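What follows is chain A paired twice: with chain B in the first complex and chain C in the second.
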Partner chain A sequence: MSEDTASEVLDTAARRRWMGILARASASEIAARLRDAPPLPAHTRLRGPETGLVMVRGRQGGDGAPFNLGEMTVTRCAVGVGGAVVGHAYVAGRDAAKAELAAVLDAALQDGSLRPALLGAVVEPLAAAQADRAARTARKAAATRVDFSTLAVMR
Partner chain B sequence: MRAAALSPGLSDPATDAQGCFRALLDAMSRPGLVRRVPVAELRPPAPLSPAAAAVLLTLADAATPVWTDAGADAAAWLAFHTGCPPAASPGDAAFVLACGTPPPLDALMQGTDEEPHRSATVVAQVAALEAGRGGWRLSGPGIDAAHRLRVSGLPEGFAARWAANRAVFPRGVDLILCAGRDVAALPRTTAIVEEG
Partner chain C sequence: MAYVAVKGGERAIGNAHAWLDEARRGDPALPALSVRQIEEQMSLAVDRVMAEGACYDRPLAALAIKQARGDLIEAAFLLRAYRTTLPRFGASTPLDTGAMRVRRRVSATYKDLPGGQVLGPTFDYTHRLLDFALAADEDMPRPPMPEAQADSAVAPRVTGLLAQEGLMAAEPASDAEPGDLTREPLEIPADRPLRLQALARGDEGFLLGLGYSTQRGYGNAHPFVGELRMGEVAVEIAPPELGFAVEIGDIVVTECQMVNQFAGSRNEPPQFTRGYGLVFGQGERKAMAVALVDRALRARELGEEVGAPAQDEEFVLYHCDNVEATGFVEHLKLPHYVDFQSELEKLRAIRAAAATDARREAAE
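Up next, the complex of A and B:
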């Protein structure tokens, strides 16, 4: 029981990570990575892809009263693969092809026999590219940092 | 994930749901007439009929608790496609989907005299519906002289229970009968005049 629960928590964390990485990647990036990956299983569309609005809520200071920040466009898709496995994707924007691709990949990644190959060929390269982009942006931002204590000394 | 396979819902959600809503509107406003829901490709999990599934896909949403005796697969399918929360008992449900014997009508949400719309709607799956010949003779608003409706598959003595439901007007439940892809409706204003 406890081992089951532990592996489920691990699965949820791993699934959350790959779903996030796929949602942040563009359709062309995913498609490019899929060329070196094993073929994806056949799927049926259960719902969507369909585009709608999602209210984004925030809290001031992280623990204040919740407020509605604004609405964002989200495309979602759910696909079934091989009977009992369902893959989900919620991606920002209105790219239906990307949502469907991410949902099929989510379903395929739940299959233990396909997971290592797909993680290596698709998810990890995308994660590295995204981390690289984030680091570059952070470096650019850091270069414009103003040290206020220096200003005080100059005055 | 660990549940049985999910099947797709309405193939064109906006158009199909509007078509189903029109069929339901016709059936409700002309009690006893049988209408066909335009969902040729819908394959709901057993034991749901296409009509009952289409009615729920059209009407249920996150604000309407649904109680059903159709089993876990059907409940999971409905929750996935409509987002409806499951009701703990028939008395808490806005929609009661009965594939077997419907629960007692007076145990369901009846609404109040001030807010009679806060009552349950019963979606009952029956064996067959036939309009025009034999069966119940219906009268009430929306019926010019009388409509005949033959329903096979409802429990014995349903007409007496329906009369009791009608006696608490404006409170009381509404009934949608589904068989295959056919729907007929009995709003709470309709009287079953005679059986036979």
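Up next, the complex of A and C:
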């Protein structure tokens, strides 16, 4: 693998991650984090924001052939920043302002000079908050795990 | 004359809708329900409307419930109508329910299974006694939620454990493009992916009754709940302009793996087979019913005798959709004046002819 391809793979993994984190955050959560971040670059709308549907698929038996489970709403947006950089967002739900914000952030995060500050001020705190919520749910679920040695002494 | 009738109908319809709106609001001295309150506090109704409306959007489903005065079939209808106004951006990559962040996961076949029995927020083991404390308008102070150390390991599927021993029929690996009954009319025979789509959006009550019938002897079912799980899964799409897959968010789904005996055939040894149910939201009763009916509908494929209603593909798939069923049943109340007039005239003519015959016979 050439050095260029390696860094591209790395960038795709990093980009996938921040896009997933931004998609799970609310517009107000993102806006709150942006107060501590450097200003976002000016952008032009290339497409949207527009709301549509994605057909969610499952697999028969959980691991067999795909089937169409049902649709969900999704909002997408593409923005241009500077010359050649395009930012994309596909986010669940119908929040157009959030999709646009996420697209602008996606574009800005592709700029190596802005990335560290935006990761630190926006993406990582959002990721930490999401991980906290998931961990809390997991701990509540764990509290309802049956301990059969306890059940054995129940009357 | 028809013109006059339409004008009269217009005013009556307008006034009926005004009354509907007043009735929907109820006593104006009471605060109006907010959509957020419905979303949070009627969450299982929201889940059911998303499942039967075949559209995952919690705020929209809550709005539909408010507008429909709590009529959940009407709410599903509203959601289905809304979705037709939106463009389709594409399809997700198939959900990985094995990677679900489980809130509930139980098995009736293995007591000690890796990952454990996780009860989650269940009505099971409640005493079904009305709780009059909830009748008080004020929120009761609640003790903090118990929490316990969570282990990070993903809970393996029970069907996977059986498959390792060769006791569970494997699902053939496939990435075939599934049929979509929202795009093409459903035709019989339908393959299993189409059946699972129809069942996922089917009416919970209808499917529950059918599933129950398989247990009572209408169809040869000996089911076990191999596994029932509910929780969050990530939804991922791969838009062509990106060239890679991105996660657009998480949704809650309920999955049921029903384990059933299979006598074996010339080509296959006796083994277990699966009935599978996957539905939007927290919908355990529905997921179980879907899994029972899915297995019943596999009778022909597995070379079993077909005779019970739940095994009849045409009967099940053409009647499980409550929005379609509502349309055809409720259209009966719309004006059929001309049809009925012709029936009346026919009946009068038959009776008149019969009376003439009777008189003639009496005279002879």
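Throughout what follows, the second predicted complex is superposed on the first by the 141 of 155 C-alpha atoms of A that agree within 3 Å, B and C clash if a C-alpha of one lies under 4 Å from a C-alpha of the other, contacts with A are read in each partner's own complex, and residues count from 1 in each chain.
Keep this in mind: contacts are C-beta pairs under 8 Å (C-beta built on N, C-alpha and C of every residue); 3 or more make two chains touch, one makes a residue touch a chain.
Quick caveat, the model's predicted, so the values are computed rather than measured.
Student: Please determine, from the superposition on chain A, whether chain B and chain C clash or fit.
Tutor: After superposition on chain A, chain B vs chain C: fit, no clash.
Student: Touching A:Gln110, do we find chain B (first), chain C (second), both, or neither?
Tutor: Touch status of A:Gln110: first partner only.
Student: Looking at the overlay, does A:Arg45 come into contact with chain B only (first), chain C only (second), both, or neither?
Tutor: It touches chain B, and chain C stays clear.
Student: When the two structures are overlaid on chain A, which partner does A:Ala84 contact: first (chain B), second (chain C), both, or neither?
Tutor: A:Ala84: touches chain B, not chain C.
Student: When the shared chain A is used to line up the two structures, what angle, as a multiple of 10 degrees, is there at the CA centre of chain A toward chain B and chain C?
Tutor: Rounded to the nearest ten degrees, it is 80.
Student: Given the touch rule stated above, what does A:Gly64 touch, chain B (first), chain C (second), both, or neither?
Tutor: second
Student: Given the touch rule stated above, what does A:Arg133 touch, chain B (first), chain C (second), both, or neither?
Tutor: neither
Student: Check the contacts made with chain A and report whether chain B or chain C touches more of its residues.
Tutor: The larger set of chain A residues in touch belongs to C.
Student: What is the contact status of A:Arg76 with respect to chain B (first) and chain C (second): first, second, both, or neither?
Tutor: Second partner only, chain C.
Student: Rounded to a whole Å, what is the shortest Cα gap between chain B and chain C in the overlaid structures?
Tutor: Value for chain B versus chain C, nearest C-alpha atoms: 6 Å.
Student: Check chain A for residues that touch chain B in one structure and chain C in the other, and list them.
Tutor: Correct list for chain A: 50, 78.
Student: Quick check: in the complex, which residue numbers of chain C touch chain A?
Tutor: Contact set of chain C toward chain A: 50-51, 54-57, 59-60, 83, 86-95, 97-98, 101-104, 111-112, 116-121, 145-152, 157, 159-160, 171-182, 192-194, 196-197, 200-201, 231-232, 234-235, 237, 239, 241-242, 244-251, 253, 255, 257, 274, 276, 278-280.
Student: Show which residues of chain A lie in contact with chain B when the two form their complex.
Tutor: It comes out as residues 44-47, 50, 78, 80, 83-86, 110.
Student: Which of the residues in chain A come into contact with chain C in the complex?
Tutor: 12, 15-16, 19-20, 23-24, 50-74, 76, 78, 88, 90-94, 134-146, 148
Student: Report the residues of chain B in contact with chain A in the complex, numbered from low to high.
Tutor: 1-9, 13, 80-81
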